[in-house]
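The following pair of complexes shares a single chain, subunit A, combined with subunit B in the former and subunit C in the latter.
Up next, the complex of A and B:
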């Protein structure tokens, strides 16, 4: 075996109260795609931050090409040939593509020269990009290209990618993979973090699996099933969601020609959306982030009001009603953003439970809160949805993402919704918790509620939905039965590759 | 009412003088806000600069040394704000308001014994030929050095912000401090430097009031100039060139106000005094539809959590 490109041995990093990485060792070879797997909080992000020089390890060493490698800041890591594409893009909305690229480079050439180099590289790797455009106007796929090109311009030896495909359509993922394969054929190594196990099986040569900060296994993804990898990550086997057969009932929710102007400068307007949701069914809505999901959820929850007959519930127009009135009827919603939208970060779980359940659960009398009933309700959520928390008095922000998500979903499900709208129910949630949340949605539908599940995770939608549609730039595709849909067809419903058909990797 | 008593040449010349203090202060605040920090203490830093500059100039007899002392005084007060907001992570709005109150009190204390004194004069430049031009001479070419320094500073700030890497990094920090930190830029260090620059500019602006425009020391003599400078930054939608236009406009209003009073026009002064704020509110409303918006991280506390 040749000398590894990057060799990590015994890396340890502890934060107060938690060991993020505990004695992690592995090698990355030149030209390989190395997957880093683990649940949320397993320490993947801390590990790559150490490689990128953002965090200093407490113990352990790294070697690059056999020489000691200890970057004390990202600049040093970049100089050594490490590039990183961040999970939450590290881009500046108000600046142009070229300015964004310049900020992530050492030794920036003059702007004009930089622009022509951006054009060259983007053409070589099939990632078309106009250096003069403002980043705030770009789609998620294009923004990712900015990050990738920023790395490529520095001739990286190792490219770190943190969840790169979570914002892409299947077609865009194909283009990305083609680019990555071209890079590895040139000898670039890629350290690839993702939750999407099927993608890892397609792309990666080696996988290192972390659990609670420790390396627990390595495997060759193409020879390991997704299920096996998921179980290695979680450390135990878990049940797949099961659906029971039942017939859909009457229409509970209907949208007629729902159109909305964009609520904010970077928002999306909804255009002529029609759908009818039956009792007992789950309608899956796919779409790349920022194609009207938040706006549709707001129109359904009542945060944005519309003309009365645009939204009707069991035949009664409710478009003009606010969230509280809709909750009273049984139309409940759980938005995507857990902290700040679905839950108030600095309020306790009890208080957060009261915020949406106050009417339906009768938690008040004469304007006074009934704290003991509220506490009981919060405790029942914690119990039934397996929320891991020391108690219901801790603040929402103290919970991990997955636990808070279980709490937020549980809070609505336990209020016996007639219609339940949820956006990204399992975003950033580990496999076991995700399976539990999906099961809860299936159970809810089995009991006769109509569920609209908006998600960017296609596997999730195909697993739980009865019918399927996609949002693209505020328009909704036709609704089709979910059974028998291929990923290819879904990709086209989601708008294909957003004008990227012209892009081809040149040889 | 006798409008003919208003001499347009003199009006324009005094407009340029009147706009200089708010121009300086607003330029400093522009840089601070582009770095993502909202310092509402401009008024406090201005008046501190006014008394520091005045006292030092009187004691040394040199207005030049006075201006330097004013810049240092303003920067020192700004450093207090920087330490509070960047290291102690205090709320920027509250800290800024406290800075204004503190500055007003501090300057009153320092200024005891300086009331009623005349400062050493700051000479106007006498540029051969240019100063003697009719009309243009008095308007453009017969001011003191600070006026030209302020104008040069507009160009310098514009150039640095838009054409240099340092300016790009500063804007990046103000736009998205999390991303800037992830790329390895020292957010807090850059912000502290911007805050110091803002304080120095506000101090210079204040000293221009006490040494040139008025010129004497009275308690609370800035009389809201700091707030006008803050409004001016919003009015200019965070662009250096528009700061100059705005400063002339707002400066022009205050000059006009005096002239109209002298001419006996029966407009209550209060209407003119509140007009900069009304214009700013109007601009804010119009701007909400415009894309030139505030820096993305403006006023948000940065903490490198990991």
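Up next, the complex of A and C:
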């Protein structure tokens, strides 16, 4: 075997109270796509931050091309040929593509020259992008291309990508994978972080699996099943959600020509959304982030009010009603953002239980809160949804993402919703917890509730939903039965590849 | 070497301890300041903190302490309602003035009639006046999205102009030989906020302040409104999701804090101050902001902080007159208190670690 491009040995990094990386060693070969797998909090981010010079390891060494490599800042890492595309883009909306790229460069060439180089690179790697366009007008997929091109202009030998496909439609994922394959054929190595195991099986040559900061396994993804990889990440086996067959009942929730102006400058307006949700069914809503999911949830939870008859519950218009009145009827919701929206970070779990449950769980009399009843309710959520916490008096921010998500979902599910709207129920949640949450949604539907599940995880939606639709720029596609839908069809429902010459679904 | 590291959770112990540590540091640094001015630091600190409470003339100062602390506490409790929800009423001084004007105005309208209902009517009028003045920034905020900090602050200056106008015009004492200022309410027994127990300094304002502390404590710990106020302050988005109407909350908080400030003004004008005059307001409304924060926006904390600040006022005046300390030094001393509180505050969210030489 040839000398590895990057060789990591014994990297250890401890933060107060937690060892983020414990003696991690592995090699990345020239021209390979190397997957880094692990649950949230397994230490993937810390590890790549050390490679990119953002964090200094406590112990351990790295070698690049056989020479010691210890970047003390990202600039040093970039000089050594390491590029990184972050999950959250660092772009300025008001500037053009070329200007944004120029901001990240050390020796900025004249703008005209830079623009032509951007055109060259984007043509070479099949990443269509106009250097003159304003970033604020670009789709998420196009923004990612800006970040990738910014890296490629530095001629990287190693490209680190953190969850690159979470913001892409299936078609855009295909384009990205083409680009990555082209890069590897030229000898660039790619360190690829993702939760999407099927993608990793398609793309990656090698995988290193981290659990609790330690390397626990390596595997060849194409020869390993997604389930095996998931179990290696979790460290135990878990049950797949089971669905029971039942017939959908009457319409419980109906949207008629729901339109909303964008609530903020960078929000999305909802355009003429129509749907009817039946008791006992799960309606899956796909869509790339930022296509109106948050706005739709707010319109359903009552945070944003609409024309009364735009939203009706069991035939009664409720569009003008606020969250408390809707909860009283049985329309419950769980927003995507756990900390700061679904839960208050610095409040205890007991207080967070009161956040949505005061009305339905009868936690007050005459305006005075019954804290002991609230505590019992919080404890029952912790118990029934296996929330790992030392107690209900700890603050919400002290819980891990997955545990808090279980708490948030459990809080609503235990209030016996008639309609339950949830956005990204398993985002950033480990595989076992995700399976438990999906099971809870299926059980809820089996008991006769109507569930709207908004998610970017197509596998999840296909696993649990009865009917399926997609959101694209605030519009909703037609609703189709979920069974028998292909990923390509779904991709087209989601709007195809933004900015590409692909036919759009007409509505 | 010391290293600062973030605590996983804010420390409960330090939340309560920081005000005490801040007071101690203020004493030390303030003492050094007084020493640099050529005064005996121990004597200066004793004059400020000890003598008013336990010194030779404490029989005179102790009631004064309650008289000065009561308006501070009353106003600060009101402010804390809004501050906890992230609604910043900076104009309590103005609401205090208006409350005094409406309260005194109602009393003077009845002059010279003696009746038991006059004082309760004045209390009501004072609260209403402060409430109305507080509702101006509230309505502008909820209707037009104006910033309540600016509007409430600017209304202080409007209120001051109004006070001067009233002292020279409508409310001027007709028997006052043309001097500015209203009749003295201390000489009008139906309108006089007299001491309830003679010689203790306890007037109705002190009682009201204590009631406000208890009321706020119950509101924050037991009531849904208090829960929603805390929720809004911590996470406005989560509060909206919980069903809190932010506009309604702003109206309630600004209205209540205005009403309490108005009450404080009314009790002051009908009691210790006695009359409406150009220089009626002495900054209680602004000092109450310090009291609110020094007390951690917690009702009991505010009670203690109000007493402490009143103590530094009385002690500071004594130090000025007895030791010849310049007024600026005393003001600096009071400023240090807030400064050190904010500095020590870091310890609730961070901890200091002694980093020993690392073992390789």
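We adopt the following convention: the second predicted complex is superposed on the first by the 499 of 507 C-alpha atoms of A that agree within 3 Å, B and C clash if a C-alpha of one lies under 4 Å from a C-alpha of the other, contacts with A are read in each partner's own complex, and residues count from 1 in each chain.
Note that in this section a residue touches a chain if its C-beta (ideal position, glycine included) is under 8 Å from a C-beta of that chain, and two chains touch if they have at least 3 such contacts.
Here the structure is a predicted model, which is why all the values come from computation and not from measurement.
K.L.:
Looking at the superposed three-chain arrangement on subunit A, would you call subunit B and subunit C a clash or a fit?
P.N.:
fit
K.L.:
Could you tell me if A:73 is touching subunit B, subunit C, both of them or neither one (first, second, both, neither)?
P.N.:
After superposing on A, A:73 lies in contact with subunit B but is clear of subunit C.
K.L.:
Just to be sure I read the superposition right, which of the two partners does A:92 touch: subunit B = first, subunit C = second, or both, or neither?
P.N.:
In the superposition, A:92 contacts subunit B only.
K.L.:
In the superposed arrangement, does A:394 touch subunit B (first), subunit C (second), both or neither?
P.N.:
So A:394 only meets subunit C here.
K.L.:
Under the stated touch criterion, which partner chain does A:446 make contact with: subunit B (first), subunit C (second), both, or neither?
P.N.:
neither
K.L.:
Classify the contacts of A:53 with the two partner chains as first (subunit B alone), second (subunit C alone), both, or neither.
P.N.:
Touch partner of A:53: subunit B, not subunit C.
K.L.:
For A:344, decide between first (touching subunit B), second (touching subunit C), both and neither.
P.N.:
Second partner only.
K.L.:
In degrees, to the nearest 10, note the angle that opens at the C-alpha centre of subunit A toward the centres of subunit B and subunit C.
P.N.:
An angle of 40 degrees, rounded.
K.L.:
In the superposed arrangement, which partner chain does A:323 touch: subunit B (first), subunit C (second), both, or neither?
P.N.:
After superposition on chain A, A:323 lies in contact with subunit C alone.
K.L.:
To be precise, I mean the smallest distance between any C-alpha of subunit B and any C-alpha of subunit C in the superposed model; what is it in Å?
P.N.:
Result, nearest C-alpha distance in the overlay: 7 Å.
K.L.:
Note which residues of subunit C are touching subunit A in the complex, please.
P.N.:
So the residues of subunit C in touch with subunit A come to 5-6, 8-10, 222-225, 227, 230-231, 234-235, 237-243, 245.
K.L.:
Using the touch rule from the top, collect the residues of subunit A that touch subunit B in their complex.
P.N.:
Of all residues in subunit A, those touching subunit B are 15, 46, 49, 53-55, 73-75, 78, 86, 88-95, 99, 102-104, 108, 265.
K.L.:
Inside the complex, what are the residues of subunit A that reach subunit C?
P.N.:
Where subunit A meets subunit C, its residues are 16-17, 301-303, 322-324, 327, 333, 335, 337, 340-347, 351, 354-356, 358, 364, 367-369, 371, 394-395, 397-398.
K.L.:
For a test of understanding, state which residues of subunit B touch subunit A in their complex under the given definition.
P.N.:
My answer: residues 165, 168-169, 171-172, 175-176, 178-180, 182-185, 291, 293, 295-296, 306.
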